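These are the structures in question, set out in turn.
One chain, subunit A, appears in both complexes that follow, with subunit B as partner in the first and subunit C in the second.
After this line comes the complex of A and B, so read on.
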């Protein structure tokens, strides 16, 4: 069986059809950055709440290192295991079915909760802008999730073309804001020296820096989503590493600019709790143009992110159905639009339910937790990949340098992040791990009997070393 | 190794399995939210004197709070709502054990399943 056969699903009538290979590097960039860029518009700033403004900057760079490791590792494995489901397909070929099942769930919940966060942000931003008494965010949240699910139902190319445009607009708005506030001059608009002082830079000390790792993840969470499009990319070995690395560089620049402007415009106590720091930054410049630009950009970033999240979560769920890890009913591909429509529709009410019950920081924490569990897996996965198939034994689209340093760095930073989440959000951490533990027991002792064993290994590789 | 033929799952079984997944999601993730067990563990360190000075805000900060629509009274609960980082060692150790046990189970059980996959795929060669 070849990787190409992996792209096949079935229609409701039983016909076998495949996902379309229509995407290029720009779409990969748009998928990755589109999902993540909303992190600059909300979420990262909660790290200031946990540790102060300086802690938010420190974690911006340190977590950037974590994600650089993620991008390097992911580019190698994905350019070699180019199949829908991204890290799920990697886990299936390198670690085993139960790990693959968990990784797919990590992806689904990281993206679904990120989608929930996006919808809450969008709703809250519109309500705040409207300033109408009694107006709630519920209708905006519902409309966002339902309309984007419909877009995804209709087709991946249209979805990602939309993402490319709105992501670019949102990114440009950050650049415009940055250059509009004369970043090279302090005192005129920006007042970093007066807002971040020796007395308040690290209000909780270094423990606050550690605690801030939790939301520092939000600067970049989801960049690894580029791999979800592996089966729909025309040239995975070239497009995936190129799109992912370009996306990471884009985000590092955006994160640095965002921190500098926001920390120079508002006290850390406010920065740490506002749902829309960049829009607030636009307001505080005193320019109506910037205020409105950042308002629109906040909405666009939330839309782009939610759009990409639905795309990725549905593909991970689809992969689970196709391999019978979940009922095969989910593996249906729409006969006309060639999308995993049942998976899209199934995840829709789950997203809606959480959007109505969770707060923004709770939804973000669920997403971050699933992301960190996934990164922990990735650090071990690459070690196993290199051990089972050493360099030269199979053709790799890309080989990342300095192995095993990125894996070790990634693993250590994941451990720090677990401790960071424990500091303040321990109950959610326990709830999430309990969920994955329970569902793993269910899979291993019951559901796995429906899985065809040999079919789980579809790459044309030699037998792994040690087996 | 003989090729494993999994049982076919009927519609009722598929519906039951979908229900199990949905129930697990909502019990494990939605219930803690509903019961108020999730979210940030913060509390307000109340001050008697609600002035910008007492709240540790300099003139620049006070002017920005003003632009954002806050007075010292309304900003008090925002500024004084703090995390109190005390490492609860027993809880931390339990959490670490749960996390490690989860990953150990994942890798060991996955390895058992993976050997079946490899044996069948490569016909024990």
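After this line comes the complex of A and C, so read on.
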């Protein structure tokens, strides 16, 4: 085997092969919003089943607060720790290796399970549209996962260019739907005052609102994925905060429009169980054009989400390999395409296997659980970050306001969400926590001896206060 | 039409999966493991950014 890197001109410096710095703020936006937007097309509406239409609106805003805290905290830390792996690299530098290992697993689980859910959704949507006997979703699931893995394998720039276009189309379709139903007039198309009344707004009372948190997460789940692009953006300190915060604003607007249109067209009993709330809203307008637009947009949103998830899960796995938390074999970078190709290929059959055997609800729940565990870590992480490296001690690309209020809000809302998940999926919550406990024991007593301890801390920071 | 699309999806999946396996084999046999796993975290920041307040 020979190292012919120089002949193809792909190295970043000397004979090293690194990820390619080619992305800008628009790609960061496309990655974050692309992963999340599918939640408007399915997922959020199950919160109406838990607590009614008004509960779905309340969690839209309260969970929006949770994610605004996530975006602000993430932007500050990531603009300082600009490395692939995102929250994993943050945890490694700020908390320690065991936390970092767990966070990386949260990331890989959250994104792989979300990718699986997206592929199942896409397959089911096509089968529902076709209405043909004997047609199953398996071929569409396989094509979604393999084609997107191939795209990710071939390079991050094209991957996120594609994500930008399809995410923008899906987003514009929500805006078109919103303005097509005359949102300023009740009674013509929309009937919010008839469908949400004081008698049925909160059918299960305030406990229904708490239970709705579990699916309210879907309005914004995955926006924190922008940080995985840290090592591939041209200017991390500028692009990451800008792309993440722009993405969060975009999603808050999309979530509000989606709730308003859907809650004004469907009774909560139906809204809470349909797998396609926006597509159904398109049908209910009576316009074939809107119906078909929302069908296509549902597919594009699922594709964009799965695409971003493959990108993020592969980078988290790659980072684990690079620090020898897993075999370093996973840290290989493709010398031509400059992607973590072995990590992409390793996770491909795992996603396929889960997509073929797992139930959509199970996959979604595992994704949400891993996500909430990660957000809990972030609230603790930012407190430690500010204590160890106070403002002025290191350069920050962005400094989030009102500290420690966002961290406290984030932590409290995570606790509420755990309770909500426990109400609906208690056994899965316990099983998942047990899994992370056991894998932590494996890492501490077996795997950590392979780690080169000095090499893993790469940021040129001063010593933390108190050390 | 939908059944044809379904068969086309299987076909595309198989072709792209085989292409990725072929490219993986080609890369792994053309480059040394040291080069392929030479990426280092934070390397560019350390080189390109002077850490001053």
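Here, the second predicted complex is superposed on the first by the 452 of 467 C-alpha atoms of A that agree within 3 Å, B and C clash if a C-alpha of one lies under 4 Å from a C-alpha of the other, contacts with A are read in each partner's own complex, and residues count from 1 in each chain.
The criterion applied here is as follows: contacts are C-beta pairs under 8 Å (C-beta built on N, C-alpha and C of every residue); 3 or more make two chains touch, one makes a residue touch a chain.
Keep in mind that this is a model prediction, so the values were computed, not measured.
A.B. asks: Given the touch rule stated above, what does A:147 touch, subunit B (first), subunit C (second), both, or neither?
C.D. replies: Only subunit C is touched by A:147; subunit B is not.
A.B. asks: Mind working out whether A:302 is in touch with subunit B, subunit C, both or neither, as first, second, both or neither?
C.D. replies: Touch partners of A:302: none, neither subunit B nor subunit C.
A.B. asks: Does the superposition put A:267 against subunit B (first), subunit C (second), both, or neither?
C.D. replies: first
A.B. asks: Counting residues of subunit A in contact, which comes out ahead: subunit B or subunit C?
C.D. replies: Higher number of touched subunit A residues: B.
A.B. asks: Once chain A of both complexes is superposed, is A:453 in touch with subunit B (first), subunit C (second), both, or neither?
C.D. replies: In the superposed model, A:453 contacts subunit B only, not subunit C.
A.B. asks: So in the superposed three-chain picture, is A:328 touching just subunit B, just subunit C, both, or none of them (first/second/both/neither)?
C.D. replies: In the superposition, A:328 touches subunit B and subunit C alike.
A.B. asks: A:77 in the overlay: touching subunit B, subunit C, both, or neither? Say first, second, both or neither.
C.D. replies: neither
A.B. asks: According to the stated criteria, A:132 is in contact with first (subunit B), second (subunit C), both, or neither; which is it?
C.D. replies: second
A.B. asks: Once chain A of both complexes is superposed, is A:97 in touch with subunit B (first), subunit C (second), both, or neither?
C.D. replies: In the superposition, A:97 contacts subunit B only.
A.B. asks: Across the two complexes, find the residues of subunit A that touch subunit B and also touch subunit C.
C.D. replies: Correct list for subunit A: 328-329, 456.
A.B. asks: Inside the complex, what are the residues of subunit A that reach subunit B?
C.D. replies: 49-50, 91, 95-100, 102, 109, 191, 194-195, 197, 199-200, 204, 207-208, 211, 265-267, 269-270, 273, 280, 283-284, 324, 326-329, 346, 350, 353-354, 357-359, 361-362, 365-366, 376, 380, 418-419, 422-440, 442, 444, 447-454, 456-457, 463-464, 467
A.B. asks: Per the contact definition, I'd like the list of subunit B residues that touch subunit A in the complex.
C.D. replies: 3-7, 9, 13-15, 17-18, 20-22, 24-26, 28-30, 32-34, 37-42, 56-58, 60-61, 64-65, 67-68, 70, 75, 78-79, 81, 83, 85, 87-88, 91-92, 95, 98-99, 102-103, 105-107, 109-122, 125
A.B. asks: Which positions of subunit C touch subunit A when the two form their complex?
C.D. replies: Per the stated touch rule, the residues are 2-3, 5-7, 9-10, 12-13, 16-17, 19-21, 23-24, 27, 29-47, 49, 51-53.
A.B. asks: Could you pull out which subunit A residues touch subunit C in their complex?
C.D. replies: On the subunit A side, the touching residues are 1-5, 12-13, 15-19, 21, 82-85, 89, 126, 130, 132, 134-136, 139-140, 142-143, 146-147, 149-150, 153, 231, 319, 321-323, 328-329, 331-336, 341-342, 345, 348, 392-395, 456, 458-461.
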